[in-house]
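The same chain A turns up in both complexes below, where it pairs with chain B and then with chain C.
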Partner chain A sequence: MNAMKTEAETSGAAPAAWLAAAPRQLAEMNARAGWSLDAGELAAVQTHFRALKREPTRAEVETLAQTWSEHCKHKTFTSPILYREGKSTKRIKSLLKETIVEATAKLKKPWCLSVFEDNAGIVAFDKKWALAYKVETHNHPCAVEPYGGAETGVGGVVRDVLGAGLGAKPVLNTDVFCFAPPDYDGPLPSGTLHPKRTLTSVVAGVRDYGNRMGIPTAAGGVWFDAEYRHNPLVFVGTVGLLPRSAVKKSVKPGDLIVAAGGRTGRDGLHGATFSSAALDDSASVSAVQIGHAINEKKLLDALLRARDRGLYRGVTDCGAGGFSSAVGEMAALCGARGGAAVDLEKALFKTTEIAPWEAWVSESQERMVFAVPKEKLSAFAEVFSAEGVEHCVLGEFNDSGRLKVAWTGTVLVDLDLEFLHHGVPRRERQAVWETPKPAAKRASRAARRGEAGAALRWCLAHLNVCSREWIIRQYDHEVQAGTVVKPLQGLHHDGPGDATVIWPQAVVGEEGSYRGFGVGHGMNPSYGKLDPYAMAFSCVDEALSNLVCSGADVSQASLLDNFCWGDPEDPKELGRLVRAAIGCRDAALAFGAPFISGKDSLNNTYADAKGAKHSIPGTLLISATAPVPDVRQAVTMDFKTANNSVYMVGVTADELGGSLWEAFAGETGGRVPEVDGKRAKAALHALSAAIRSGLVLSAHDIREGGLVTAAAEMAFSGEVGVSIDLERVPRAKDAADPVTILFSESQSRFLLEVTPEKEKAFLKAMRGVTLARVGQTIANPILRVVDLDSRTLLEERLGELKAAWQRTLPAALGWPGLNGHNGHNGSSR
Partner chain B sequence: MSAAAQAVPKPVGAEVPRYVVEVGMKPGNPDPAALALQSQLSSVGVASVTEVRVLALYELRGRMTAAQATLAARDLLADPVTQDYRLDRQAAAPLPAHWRLEVWLKSSMTDPVGESVRKAVKDLNLPEPATVRTGAAYQLFGRLQKSQADRVLERLLSNPVIHRVTAELR
Partner chain C sequence: MKKPKVLILRTAGTNCDLETASAFKMAGGEPDLRHVRELVSGKTKLFDYGIVAIPGGFSYGDDVGAGRILANEIRGQLRELRGFIRSGRPVIGICNGFQVLVKAGILPHTPAGEQVASLSFNDSNRFEARWVRLRINLQSQSLFVKGLPEMIELPVAHGEGKFVVKSPKVLEMLKKTRSILMQYVNEEGKFAGYPYNPNGSLFNIAAVTNPEGNCLGLMPHPERYVTRWHHPNWTRQTFCKEGVGLELFRNAVNHALN
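Right after this comes the complex of A and B.
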């Protein structure tokens, strides 16, 4: 290891003369090294080291830059914001604490075992087991190298769950993407990959990593909007199962710092410029790597065995910032003051071409850091060696209050932990939200009733509604044998499911229990363009509605938030973010569903040819999970048989702002759908209980494309016809024409199939909830809609509707011959 | 430390033998990767390619003989039922004129498949190679301009961030 290029320590952007540097010089050094520290943070570092009367080392500045990064510290979400809405102004001390965390604190739900403190949120599953759930984004790597970016994104979130508590066994992966349409034919700057390439490569990356690790990828979604063409969004999630006794981790002075898994290389050094010319074609040192799923699987197996034998006290993953973040975080847990001493040359390396500071911040994949009591080391070593996983002892945790790193005796880092974790200066940002003026009166939609059929087919074929079978079929969503309600449902297993239900007992051998859990998602950036508050409420409503439809108990639901936003220095963008966060809080409180974990990715912007900055549409993903007390009672969304009653829950109002109808008809200015929190909670909880009592045969929530789109999906998935009478639809006064009733996207609405013999019990269970019997299932394979004047408005053949719904994605990808199905597409009907 | 020193790839000099193993589908067996590429060619304005073949490439560097590399190819890298293999130093059966596009991971990239192959070769009781790198070769038959071949490489097959590529008319 002596061949290490220590001269690189002083090469490149060496932090020479920090103490004497003028702000401009600091800014130059910052830009050259890619630390992404702002002026206030650079000054804070300078002040700190001036007081110590010594220059910082490169490794120290790197450690601070990593630990203080937006990625690790969530500066925007935790810094003060001066928020102006209309004429009122409010000073927010910490957006996160005053919105999302506050809701959880107020709700005080007993199933929250570990929230906002660990690598994942942890909730109770049953008396013995808990679930860890984390969703992360990997946007920038996926924009640069979509296959490797998606793979390492999945690998990273799986490690988050391995590093939650003392480690959880992954039982489900989730994937949600935002891309430009794959058939986008507008201009793209050089270096930007075409969205089709991004989509196919990201799907391949998610597929290969999940499939190779043997984790089902079984829940997700895709949203298409040309505004994502420069900044694709990739959200990856993992749910893991762990014993409730393994929820809390600790670190004690004297515990060994042990790194296990992959070796450390020069991977993922952000913008670091390396002076060595020895590496032939690495002129652009890549921030993106190809994942090594097999290594991570071995790490997983060894970790779980060591966990169950009690061979370590604490664990965390090496993600952003590598060792510097992982060791720094765990050091903070040790004793009253925390501390760690590392001899970095003891790490295992892929290459000798690595400088010590690079080794400290390298983001090489598939590594975890453990706190191992000395007396357990030999047993720990045995377990990991048996799985073929390398490990090394880097040093010891202590209670010195300092993070010390040495390289063959030379000090690389000697930082005060208090300064490292709490020294980042808080800068107040400005945020503003102007409520848009109400639109002028719209033209009557009644005149367009003749276009209803065309609009329905257009909605079904829309990229944001159409079949995702081409993507889903690439994933192994059955591995581990616990996928009870699958992402594709219906007679031919190709209809659009709401939530996925997982029975995780097979992997832990608790075969006598039928308890499972559901996972659902909510996302609609179109609403967010009009009002981020309404979007946030709608996302929560959608995620929970999906859970309701599959038979989960939403009175015990938990939520995760993932914000992907534009430029936080733009007060308007930040105002939208604040409004979305307030929406999250209000929705969580209204539904009684606490947030347990979350993540934000800001600065999703691009500069156009003139240098102007453009932000992506503010995007919020809400992921939700809730227990399914008995998986045998889970239901799917496809109609089952003819001659059953079709019920509709919820009130339909003239809420078409951001809807598919507006896009179809070229309308603007509609009212964005809003959630009536109290009514929504009552409806969701009552319906959830009714479904769990076995009173409902099939259930589907009504979203993009409205009532008629949901009805079509249920009908063609089950190959059972349906007749709906618009006169019977519960509606507000402003929903007075058939087009509005069919295509409104009012929230908290459901279509249900109920057998005649269960109808009475169903109505009793739903007492107090607005609902009506709006029609029935029929043997004729058609979708029929009866207008308010009792005339037939629509009579569409299910086979044609389904074909329209299935054709879009393969066609947009340029594989029109590939219909995405497994041999039966119902076209015989 | 001793375990670490042992597993770190030893410096590779010019004198260390280098073998490139090519693995492709036997004639008559369907090749999904080739069909997928062929179906995508029209999207980058290439209509004149009559046939595509895809080969997996493994570059083995280490103190092993050609016979040992052949054993690794036969017993590990190729499926004996559906695939053929050959070492690049062996004479190939003559092929009609075609473009050969090669895509390799840059040396700065970790190559997970290469690492697994290195271990698997050792498990066959063959000398463990110092390094194994993986890549792919795409043989495009039919009339094709250099600019078209470059476009196929750039738009469909590689990413300059992680790959190095070659295009050669054979």
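Right after this comes the complex of A and C.
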């Protein structure tokens, strides 16, 4: 270790100028070092050290910068906001507390075991087991280095779940992406990768890390919009299971600080601050970490064995900010005041070419930090060595109220924990939302009824609807043998499933238990462009509807939020964010589904060559999970046999704002779909119960592309025809023409297949919910739609519809030979 | 009745150990997960077990080729596995486990025990997970497929599953000794190319046995189809009572009992 660089050698300008520096000089130092601190935060650091009458060390400023980063502290979500909506003005003290957290607190659901406090939200699974779920974003790394960024994104969220409570066994990975279309041919600024390259590399990264870790990647989605061309979004999630006795962690004075897993190197310096800043073409690839899945798998195997033997008291992952964040967070849990003393030179290094401050904030992958009671150390060491995992003792936790880090006896960091965790100044931001004026009257859609067939095929082939088989097949979505409702469904295992259902029998190890869980997602940035509040409501509605369709019990659902937004300093952007957060709160309260975890990624902006800032469309991902009390009652979306009744639940209104029909027809100004919370909850809960009672054969929710798109998907997935009579569709007065009825994207609607024997019991179970028998399944492999005037409006061959739906991604991305398979499914009809 | 002990061999990157153990447990065995280091060090004795399973995964990350490093460990430090097979006890290698058995020169069986085949990159050049149809060679001596129908379905999930041989003689030898246990076919039981043959395997080979029938290597995952709820069409089917994969484990357990 003598060959190590000294701090002065690598820190560049010595930070000696802090106490005397003028604000401008501080700002210059900040820009040079990449701390991403704002003027107020720089001043707070200066004031703190002026009071101490000493200069801060480089490592101290680094620690504060990482801990105070938007990535770690969520400053925008927790700082005051002056929110103006129309004529009313409201002062929000903390957006997070007053929206998402408030909903959870009000709902007081008994299944919430640990929410908003740990690395993941933890809910009850059954009497013995708990379920941990976390969804992260990894946007900026994936923009500059998509394969490595996606890999470490997966690795990071898996470690979040390993570091939740005393550690959970990952049983499901989820992935949701937002990209520009892979066939995008417009201009791209320098330094921006083509979206096709980004997509294929991100999928490969998720695939290689998830597959090698042996975690099924079995639920997710992709949204395409050219506005993501500068700044793609990559959401990765992990669900894990842990014994309920392992939900709470603790740290006691005297516990050893033990780091285990990978060694520490210079990769991933400043990841937390990097991801909190705007992207530009100088974005550094060295800010992206380097992942190694097998190291993490070994760490996982060792950790779970040590957990089951009770060899540590607390654990957290080394993610953003590296040791500085992990040790800092764990230190805060120790005793009344918290504290830790670290001898950093005891860490295991990949290289000797590393400065002490770099070692402290490095985000090298596959590392976890443990609080190990002294008497357990030798057993701990034995378990980790047996799995071939290295570990080292970095120091001790204590109750001193201070975070102290030394390097061969020299003090590197000596920070007051109170200042570190609560010293970040809260700055009030401005936010404004103006409700758009109602659009002018548009021409009647009835005149375009002749285009319905073309519009249907266009919708099916649309990037936001088409088959995701190209992606899903590359993931090992059945490893662990628990994926009982798979992402691809139907006769030929290639239809679009709603929620995935996992039956973790091999992990839980209880024979005769059929309890499982479902995971569903909701996302629609197109609605968000019109009204972020409506978008938030529809995202929750969609995620829960997906769960309903697979047989989960949505009356016990939990939600996760992931906001990816643009520039929070722009009052209009922030206003949209506030409105989306309020939508999340109202939706959670309306459906009785608490939020258990969430994450926000702000500053998803790109400065172009002229210096103009572009924000991405405000994007909200809602992930939902709910128990499936008996996986044997789960259902899939494909029609099963001919001569069954087809029911439609929900009311169809003229809500085509942001819809696929608008994009097809070149219309604008439609009303964005809104959710009637009370009616939606009643419908979802009743249907969820009916499905779990075995009264429904197939279920699919109606989303982008409307009723006719959903019907087509159910029919071609099952190779069972369907006939639908528009006159019978329950509708509002404004849904008066066939085009509106077929393509409206009104929320909380479902199509269901019910056998004649079960019809009476089904109707009884659904009493009080708006629904109607709108048609039936037929032996002829076609989709038939009968118009309001009883004439046939559509008669489409299922093979052709399916081919249109399947062609898009393989054509854009290439998959040799897959067309042969399509030919097999699609021919002769 | 005493349950036969099943050694589930683990190492860094083993992924399918829990579900393989669960399958053996359902089949009446007593699975025991052991790290290869414990066997190499002598802490765990191979001959204390009635059955050995090498489960799927990415042993050592599949660096330098799928299964290669674990295969070398077996070849060099765990030689008694060959004696274990000679003793007639059941050994099964699934997916990565099959790759290990092939690269260790255990399958296909040759008198000298050299490697004469390999599992190479899929023709599609990427990892793929899908369900396949398989035709079982009922003329083979394999103890694992007793009582199974000729046509079954199982899932595959791999990037390196294309079975290739060193020379045409190897294929002739495999045919002659009835060692080709399963082949990829279509709904009609015929060879039909991609995606029915998901990786481009020579002669559509999905599984290989030793001539004596107690050592099986296969790319498909029988442990992922041990109940009817594992099948992708279980919500459509009313006829299948249980997963056909369970039969393979049951046959191994029953054999070990006798």
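Please note the rule applied: the second predicted complex is superposed on the first by the 792 of 829 C-alpha atoms of A that agree within 3 Å, B and C clash if a C-alpha of one lies under 4 Å from a C-alpha of the other, contacts with A are read in each partner's own complex, and residues count from 1 in each chain.
The rule we apply is simple: contacts are C-beta pairs under 8 Å (C-beta built on N, C-alpha and C of every residue); 3 or more make two chains touch, one makes a residue touch a chain.
Treat the numbers as computed from the prediction; the structure is a model and nothing was measured.
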item	value
Touching partner for A:480 - first (chain B), second (chain C), both, neither	second
Chain B versus chain C as contact partner of A:390, first or second or both or neither	first
Which of chain B and chain C A:505 touches, first, second, both or neither	second
Partner chain in contact with A:105 - chain B first, chain C second, else both or neither	neither
First, second, both or neither for A:298, with chain B first and chain C second	second
Broader residue contact with chain A after superposition on the shared chain, chain B or chain C	C
Chain B versus chain C as contact partner of A:266, first or second or both or neither	first
Touching partner for A:779 - first (chain B), second (chain C), both, neither	neither
Common ground on chain A, meaning residues reached by chain C in one complex and by chain B in the other	292-294, 815
Contacting residues of chain C [partner chain A, same complex]	10, 12-16, 18-19, 21-23, 25-26, 35, 37-38, 56-58, 60-62, 123-124, 126-131, 155, 157, 193-195, 221, 223-224, 226, 229-230, 232-236
List of chain B residues in touch with chain A within their complex	1, 3-5, 7-8, 39-40, 42-43, 105-112, 115-116, 155-156, 159-162, 164
Residues of chain A that touch chain B when the two form their complex	1, 144-145, 147-148, 193-194, 196-197, 265-267, 279-282, 284-286, 288-295, 346, 348-350, 352, 364-365, 390, 392, 814-815
Chain C partner contacts - residues on chain A that touch it in the complex	207-208, 211-214, 292-294, 297-298, 301, 386-388, 472-482, 484-486, 488-489, 491, 493, 503, 505-507, 509, 511, 631-632, 634-636, 638, 640, 698, 718, 815-818, 820-821
